[in-house]
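Look at the two complexes coming up: subunit A is in both, with subunit B in one and subunit C in the other.
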Partner chain A sequence: MAKAEFEIPELKEYPEIPPIQPGAMAGTKPFTAKPEMQEALGFPGELVEDWHDRAIEAMGDLLGKYRSLQVFLDACVKCGSCTDKCHYYIGTTDPKNMPVARQDLLRKVYRRHFTFAGKYFPKLVGAEDLTEEVLEDWYSYFHQCSQCRRCSVFCPYGIDTAEISMAAREIMDRIGLGQKYCNEIIGKVFKVGNNLGLPGPALADTLEGLEEDVLDETGVEVKYPLDKKGAEILLVTPSADFFAEPHVDGLIGYGKVFHEAGADWTLSSKASEAANFGMFIGSYENMRKISLRIREAALELGVKRIVFGECGHAWRVAYSFLNTLAGPWDFLDPNYPVPQHICEYTYNILKEDEGKPDEEKTLKLDKSQNDDMVVTFHDSCNVARATRMGDKPGGQFTIPREVIKAACNNYVEMDPDTIHEKTFCCGGGGGLLTDDLMEVRVKGAMPRMQALNNAIEEHGVTNMAAICAICKAQFTKILPYYGMGMDMIVSVHQLISNALILTGQTTDEDEDDSAGDEDE
Partner chain B sequence: MSFLTIVFTALFYAATILLVVGLARRIRMYWKTPAPLKIPTTPAPTTTGGVVMRMFREVVFFESLFKSTKWTWLFGWVFHMALFAVLFRHLRYFQEPVWAPVVWVSPLFKYMAFAMLIGLLGLLGRRMFVDRVRYISAPSDYLMLFLLLGIGISGAMTTFVAHTDVVAVKSFFRHLMTFSFDTMPNVPADFTIVVHLSLVALLMIVFPISKLLHVPGVFFSPTRNQVDNPREQRHIVDWARKLEE
Partner chain C sequence: MPIEVDGKVLETDEEGYLANINDWVPGVADVMAKEDGLELTDEHWDIINFLREYYEEYQIAPAVRVLTKAVGKKLGKDKGNSKYLYGLFPYGPGKQACRYAGLPKPTGCV
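Showing the complex of A and B:
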């Protein structure tokens, strides 16, 4: 087990709602952004002198621009429906991590300045001035929200705390109080092209390395092209896919699928990042600027289609916002949705292959290659509750599962209250995937870890698949805290990659036989 | 006219104006505030018809609350439905002649007051005894329940305990509605009806400045009222389009 300076929540057989412990996570907060990181995004470098007035002004500005914020701050009746739904509340027991209480941190200031009741009867309606303490609470608790939208599923008015958190972070950015992790990363995207700051030549090297690996393993020359002009498909994928485990195994899988489909595809060094942390900080301008790189890359390369790799919030920005932020996409092939998810791409081939004899199938999948695994699937929050795949509502649940099942014989589900639209966040989303928030991440992962642990005990689950770079990185780090192996987490296209027999591939059986011979 | 009648005349005109104008301004503001991004909570309907059905299930059956917690749903739903039944029955105090369906349901719907009170007491109990809900409650959250309980109890008392001269009350409101001040009858000075009418007027006044804004709010909630079609149709609002120029 990994070492921790805090108590790791106990995993139970049945979910329990803990009693509240006020102040349990008070003062837990991420590092603040340095002046140069702030300024690169167009925000003041440090907390401005007249921060109070500027914050109220920013709130007024956002209230006029976002109907969600205006309606959500007014409509809450404090029914308590959301109070037991947040993984951070369940894991930390701090009442300010209950969605409504988190919203109230902003709502009480809204009421004080923007409503009749709050101006004249503040005590009665719980309105408060924006004091330094309140601002500290904002910084602390709006960075203990992963914007996963689980609360919004259960709210009778659809109030989405993510919208409130985004607005709060935007207000804080505008007064010079930004979060280091998110803002530093956005700066890297603007400067280098991706979250990790990998320059073009490093990318080319990495991809060459992948080609060699696949060649060694399969004897087939699968290409991972970069900046190939005139390619049909532009693949935009999270930069973690280029080197992190198990992300890279997913990227290998996408390449193999494209190869077998005979697709002419490319990655782009300009748009070498699917992630868009502009969403996490609630900044329309930054989110738009990041999205426009994809448009520019698509135009420069002259592609006809855009496909996104496995990434949760990136798929939200891609599916729900890309058309708004960087559209219209009238220069792309109108026969395909813009953009498409890699799972949709693979799923469509699987559908075409259905009923064909094995030798005529585009994707020859040998499920037994994954027989050493019992796989379950973690629905990533943004994919589950903020996007769709395919043309039917709920396709975001069925399509990845169909892809997994096409590659695996042993698939089981976790507790139904923790999957599909009720899925629990991994604990690291929304700009929280940073070491300075480790306690929040470990505790917030508890509900998912509990469901996984129960699936392990009941069904002998060995691996959990995910389609999100943040989920994969978070679980790799967090699983050991709960006594589970970090390599339990796998990419969905890693399973495809394992099972896919490439045309002309030297089969495993030959190797297995020879290995067996050596053993004897 | 008695002093009480004069006070209630002024009070109900003022309350009606505050309610109607306050709500209209709020609704206008919600209407005019743009929703720059597609944010339906998915899975979401892909057609307008589907969204209408989703909203219908939300406002009639409280679908999301049902998914969440059955006790809150039970008390909340019973309270709201009973309230609507009682309000529907109250049409008899404003119409002449009374609409036939109102006449038919009146003998039965009279008992809905009790369902309404049971729902309210359940919600109050939850607010007081569940630590999480107690934590998020402001004084106004309790007062709102007490206000509604006061309206329900005083109203039920005029029917079941101390009958008031309901014909006079109706006549008073008919005169208010037609602005016929010269023949205005006096409002009965019974304690229960005075309390009932005063609290109703108070509710009307606080409606547009309180959490009762959830009533128009739910219809404007982008997570519930948006069609899930961002890839098919480009969604862009004016202030965002300006960034493109």
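Showing the complex of A and C:
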């Protein structure tokens, strides 16, 4: 596997800023959405005849709606701080993948049509017309940005390339030039309820299967309820948690935690997806429509709390925008945050358990169950740079780590320049997790792979944990390109699941004891 | 790019998945495997047939865990894991085997 038709970047001991290779990734672009995929989202089926004028009109509309967009397009002073901060630049060496150059693709057209100097003296201020070539560059390079916002951490003005890239994608959608991966998936959410297109009966069957597996393994009947009316907690989790590995091991973990806490919880077949790709394509309307499913499900089921599973950008939409998109949430229990992250839920129980004798703890964790691992944590970009968790600043960094450490004896960090708010994207975020962008994904993963590889060599790291479905799927696919095992990537709640001794659980030791009894 | 199976030309999408699932005949799997340089054995066909049966019932490919469990039950526990499946379908059981079976590609964060 992992046969590549392109050069895989070499991993080095120290980060190096590569010399530029202009045009290295020119023409690399994802498949375009088919007319029926576009139309399902309210966009023209194919590139409209008057695309130029409609694009400028769309840009004007977005500038009027989002003041931030205009500030970001105006504020850049070309200081160069961001140039070596993007994983796609470091991995591909294409200068148009420098954040400032990516922004400039939109900025030059903005200047031409929306600034005095650009209208009358375009050459003096780097203003350019929107030509077919520029549009091609837009489609190519705004799909080589994972909207991870690492560059914005280093920008002295806080210019957020993610917002520029979202705006560019929205403009392209409005003229009929959409990306297949994102737009097909959003259509599936509207039609079936989730990104996968997993219908209710298949979901029910999958959850029953999980109940059987946990019963087989532990002897305890842990339930994974679906559409349970009157449940207290609605869990909204990425549909990949029902489908892929290691995602599903995380879901098993959430269920075990709920079980031990005695929580009355449910999943919903209507809100069977936490992800919200409406954000990736910068479409407020689609983002809102996707979010409203969660509101409808919460009302129909009569829940009092909403908890989100391990999904990076879903947590951004949930934490930062949910109230605007689908609020007010006045029908939920005001004693709990709306929404709450599953890591925060588990962490709060761990805090309550602190100092109690083992037998009185809600979560009895046997860390030695994970002794075959040396674990590190990959901060997912949307969680790290666009949200918080819990009630303290930096909770989005400390809480997942505390949860991991409660379940593992061996935990180490990667290079400090690659964690917390400086974390590197997995390389597949922002709507790029598609096979037609494999070269971008593999090369963009290089800085993270390099830091991981160094942690392996220095500390003997065996596994990397993450709390994002995209990160998990991306690493599963990308690790082998760099000579590492695909099963190195684990879910945070998978570690909890491994260590958690359920009440009444038959352990290996019990079985040994009973075998011993028989001998006597 | 369309493929030719039993003298018939069948449409596929950009990634080589059948455009119309009803076009599927066993020859589709053989032709696609040949293009990938794979020889289909009975072990491959066990998986392809299971995928088709599951799809018929649920209109979606089975989750990795559902698949490995079913394989384990049918062929023995040593084969009920993703390593065995990757051995048969090096590009991933979810994607490569689905393509041979005529199923649409699983989408999302998988």
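Convention: the second predicted complex is superposed on the first by the 508 of 520 C-alpha atoms of A that agree within 3 Å, B and C clash if a C-alpha of one lies under 4 Å from a C-alpha of the other, contacts with A are read in each partner's own complex, and residues count from 1 in each chain.
Simple rule for what comes next: a contact is a pair of C-beta atoms (placed from the backbone, for glycine too) under 8 Å apart; a residue touches a chain by one contact, two chains touch by 3 or more.
No experiment lies behind these values; they were computed from the predicted model shown.
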Partners on subunit A (subunit B, subunit C) - clash or fit: fit
Partner chain in contact with A:I501 - subunit B first, subunit C second, else both or neither: neither
Touching partner for A:D205 - first (subunit B), second (subunit C), both, neither: second
Touched partner set for A:L124, first subunit B, second subunit C, both or neither: first
Touching partner for A:T83 - first (subunit B), second (subunit C), both, neither: first
Partner chain(s) touched by A:V153 [first = subunit B, second = subunit C, both, neither]: first
Superposition-derived comparison: subunit B or subunit C, residues of subunit A touched: B
Shortest CA-CA distance between subunit B and subunit C [superposed frame, angstrom]: 24
Subunit A partner contacts - residues on subunit C that touch it in the complex: 14-15, 58-60, 63-66, 69, 82, 86, 90-92, 94-95, 104, 106-110
List of subunit A residues in touch with subunit B within their complex: 17, 19-20, 22, 63-68, 70-72, 74-85, 95, 98, 100-101, 104, 115-117, 123-126, 149, 152-160, 163, 284-285, 288, 319-321, 323-324, 327-328, 337-339, 384-388, 391-394, 396-397, 421
Subunit B to subunit A touching residues, read off their complex: 26, 29-30, 33-39, 41-46, 58, 62, 64-65, 67-69, 72, 76, 123, 126-127, 130-133, 135-141, 143, 206, 209-211, 213-214, 217-218, 220-224, 228, 230-236, 239-240, 243
Complex contacts: residues of subunit A adjacent to subunit C: 1, 31, 180-181, 184-185, 188, 194-199, 201-202, 205-206, 209-210, 213, 238-240, 242-245, 247-248, 275, 311, 433, 435-436, 469-470, 472-473
